[in-house]
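Below, subunit A partners subunit B and then partners subunit C, in two separate complexes.
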Partner chain A sequence: MQTGDVGPLELLVIQPTPFCNIHCSYCYLPNRQSTRRMARDTLERAFEWVFSSGLVRRPFTLLWHAGEPMVVPPSFYDDAAAILARYDSTGDLVTQSFQTNATLITPEWCELIRRHRIRVGVSVDGPAFLHDARRRTRSGQGTLARVLKGIRLLRDAEIHVHVITVLTADSLSYPDELLDFYLENGLDDIAFNVEEIEGPNKTSSLQGIEMQERFRRFLDRFLDLALHMDPPLRVREFECPAASALGKRIGAGERVQESKPFAIVNVGCDGELSTYSPELLGLSSPRHGGFALGNVATDSLPSVLASPRFQALDDEIARGVEMCRQQCRYFAFCGGGPPGNKFFENGTFASTETLFCRLHKQACFDVALDHLERSTVQA
Partner chain B sequence: MTAYLPVVVAQGFHLPVSADRVLVADGAEWRTLAAEERTALSRPLTPAELELTILLFTLTARLRNACWALLELTSDGPNFDAISVEIGKFFSFKGLPLPDRAHVELVVQDASVPLSRTVLWGIVNLGEGSLTLETTGLRLALRPGEGCRLPRDVGVQIVGPPNEAANLLLLIHWPQA
Partner chain C sequence: MSSITRRELLKRLLGCAAATAGTVVVAESVVAKAQEPTETTDVTPKEPEERADQLAEKFPEPTGDLEATSFVNRAFRNGGGFVNGGFRNGGFVNGGFRNGGFVNGGFRNAAFRNW
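Showing the complex of A and B:
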């Protein structure tokens, strides 16, 4: 495989630190207690690696994540912006983004976010009885009050916030209460993640056949409410499936972002490199070894592509995509389940359906399509 | 064997349960809940028990605000029929559907005058203070936005908040025969 056969880069995930200042019960990060930080030299090498790799052939998103990005000081991101400017002098190529728990936001962070036009995604699970049940400090205290303070600071600074809410079994009874929560806090750009089986999170409260129906009922009710607001809320779990339904079908041999080699590049805080699902960074398996395929300090893209480990991994993922194509009626819209979920749930990338597929792909697609059809009939 | 009180928090609703949420008749006095009685407010019920039990719930802020907007006569808001339909959908999702042809009524109560009703399916406190709902042997505190579904033919007396002149109630009636 040659450099031109992989990418182009769509998403660069950089881990400034694996550390997270809170301790959510469903977290997939394996080293979130580690306080290691990415050195400036490593950051320089990471950008040098990316921009000299031949992967940058279109604009891409740089996501600071895989640990709480605001654990490192704002000056880290000023340094990063200065390095980035060498490669992207107009600022048109790279869109930076934080995925944060928002508990550490200060006016200084807001200034930095505005200065570098960084997009902000906040993780918040709804009212206190839902959020604080799962998203707690290491001493067991709920974090919602601090999150809302952070959101208020962002909104006061006129920074657009989109939120990601992780749905657990408990959440599925409360679509109306979640809507109330978003409206009360001025949040109008919503995404739902499902509690996934990933890394250290070995089980999900959403396992079990009855959860599929409960999930569908939840989403149907939430969309009924959110899409009829004036103005309607943006809900990723409607917009993405609707765009898939109305867009181009995915054909044989095509791969989508998470299963396409080097469409995503993940760089750990010590410079270790991986591709495919970001959740694989920092993890290993007895059969595959570490999912890190090299290091930005020592390994070029051609050397990674030539390595037996990458080739074995890519072959297994490609077989999994082909299995999805042959067996799943949603393939033309989905393009195959995320490799990370397949590995964590099925033990192999060469597999098909997962809990994540059943809920976040299939149910979302069916419910969104139903709403799309209803709105078309009403129109 | 424990004799459970005929009141629980309805499944799919979240209400804080403090000791003074429910008062129990104790001779001529009223007592707060014991710890096990408080725990039992979250117990699951069989369908037969459900029919005989008061189910506590909370109406969402969105629906409460819609009722208030109606009173404030904002012309571009939904009418009461539309709000009633939305309320029905909400309870239906929660697995607590309103009876067919149930009648929903918005009532401004003189808080100093207790209101007695015997054929209510349920009641919601839309006001800004806590009201007291009294039935045989029990006094329930319903905070703003909270309500309850009543067993059929159980008579209740509704006492408005002590420091308010008037209170806004949503009464849900069984269909008339």
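Showing the complex of A and C:
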């Protein structure tokens, strides 16, 4: 496989630190207690690796993630912006984004976000009885009050916030309460994730056949409410399935972002790099070894592509995509389930359906199409 | 395109003209609907592709490079908009989600969903 056969880079995930200042019950990050931080030299090498790799053939997003990104000081990101400017002098090539728990937001962070035009996604799970049940400090305290303070600071600074809410079994009984929560806090750009079986999170409260129907009812109800608002809320789990249904279908041989080699590049705080699902970074398996395929300081992209470990991994992932194509009715709209979920749930990338597929792909698609089918077209 | 305009278009797509009567009224009507007993039918569920085909007939053709990968890539890539009669001509995605929004050819939540 040659460099031109992989990528182009769509998403660069950089881990400034694996550490997270809170301790969510469903977290998939294995090293979130580690306080290691990325050195400036490692950051320099990471950008040098990316921009010399031949993967940058279109604009891409740089996501600071895989630990709480605001654990490191704002100066880290000023340094990063200065390095980035050497490669992207016009600022047209790279869009930066934070995914944060928002508990550490200060006016200084807001200034930095505005200065570098960084996008912000906040993880918040709804009203306190839902959020604080799962998203707690290490001492067991709920975090919602601090999150909402952070969101208020962002909003006061006129920074748009989109939110990701992780749905657990408990959440599914409260679509109305969730909608009220978003409205009360001025949140109009919503994404739902489901509690997934990933990494250290070995089980999900959403396992069980009855959860699929509950999830569908939840989403149907939430969309009924959210899409009838004036203006309607933006709900990713409607818009993306709707777009997929009305857009060009995915065919044989095509791969989507998480299964396409080096469409995503993940760089850990010590410079270790991986591709495919970001959740795999920092993990290993007896059969595959570590999912990190090299280090930005020592391994060029051609050397990674030539390694038997990468080739075996890519072959297994490709077989899994082909199995999805042959077996799943939703393939034309999905392109195959995320490799990370397949590995964590099925023990192999050469597999098909997962809990994540049944809920976040299939149920979302079905419910979104229910709403499209009930809608009318006006010229 | 402002996000307000985008929302107007979304509302149009969804046939939500009644929403102009006010949020409360619409919400109440939705509540009432949700409390109706579920009707049982013996209609066999349609296949996803069959449903999408029928929607494609119902909605005008998409323009530009709208790709099904948007389901996972969250990307209405390179614009072209959503569908005719509202979302196209720059519509749903080009030019406009949040603060100049849609950048990098990608919907905000790229395939990796945790951001």
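Please note the rule applied: the second predicted complex is superposed on the first by the 376 of 379 C-alpha atoms of A that agree within 3 Å, B and C clash if a C-alpha of one lies under 4 Å from a C-alpha of the other, contacts with A are read in each partner's own complex, and residues count from 1 in each chain.
Throughout what follows, contacts are C-beta pairs under 8 Å (C-beta built on N, C-alpha and C of every residue); 3 or more make two chains touch, one makes a residue touch a chain.
Remember, it's a predicted structure, so these values are computed and weren't measured experimentally.
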Practice prompt. Would you check which partner chain A:A363 touches, where first means subunit B only, second means subunit C only, and both and neither mean what they say?
Written response: neither
Worksheet item: Where does A:F129 make contact in the superposed view: on subunit B (first), on subunit C (second), on both, or on neither?
Response: first
Discussion item. For A:I197 in the superposed arrangement: first (subunit B), second (subunit C), both or neither?
Written reply: neither
Worksheet item: Is A:E184 in contact with subunit B, with subunit C, with both, or with neither (first, second, both, neither)?
Response: first
Worksheet entry | Contact breadth on subunit A, by residue count: subunit C or subunit B | C
Worksheet item: After superposition on the shared chain, which partner residues are touched by A:V13: those of subunit B (first), subunit C (second), both, or neither?
Response: second
Practice prompt. Using the touch definition from the top, say if A:V304 reaches subunit B (first), subunit C (second), both or neither.
Written response: neither
Worksheet item: After lining up the shared chain so the two structures overlap, which partner does A:M38 touch, if you call subunit B first and subunit C second: first, second, both or neither?
Response: neither
Worksheet item: After superposition on the shared chain, which partner residues are touched by A:R119: those of subunit B (first), subunit C (second), both, or neither?
Response: second
Worksheet item: After lining up the shared chain so the two structures overlap, which partner does A:Y174 touch, if you call subunit B first and subunit C second: first, second, both or neither?
Response: first
Discussion item. Need the overlap of the two footprints on subunit A, from subunit B and from subunit C, as residue ranges.
Written reply: 221, 224-225
Practice prompt. Could you pull out which subunit C residues touch subunit A in their complex?
Written response: 3-4, 7-8, 10-20, 22-23, 26-27, 30, 33-34, 47-49, 51-52, 54-56, 58-60, 62, 65-74, 76, 82-83, 85-86, 97-99, 103-115
Worksheet item: Which residues of subunit B touch subunit A in their complex?
Response: 11-14, 60-63, 89-90, 93-94
Worksheet item: Okay, in this complex, where on subunit A does subunit B touch?
Response: 127, 129, 173-177, 179-180, 183-184, 217, 221, 224-225
Worksheet item: What residues of subunit A sit close enough to touch subunit C in their complex?
Response: 10-11, 13, 58-61, 63, 65, 95, 97, 99, 117, 119, 121, 160, 162, 164, 189, 191, 193, 221, 224-225, 227-232, 234, 236, 239-250, 254, 256-258, 263-264, 277-279, 329-330, 332-335, 338, 360-361, 365-366, 369, 371-379
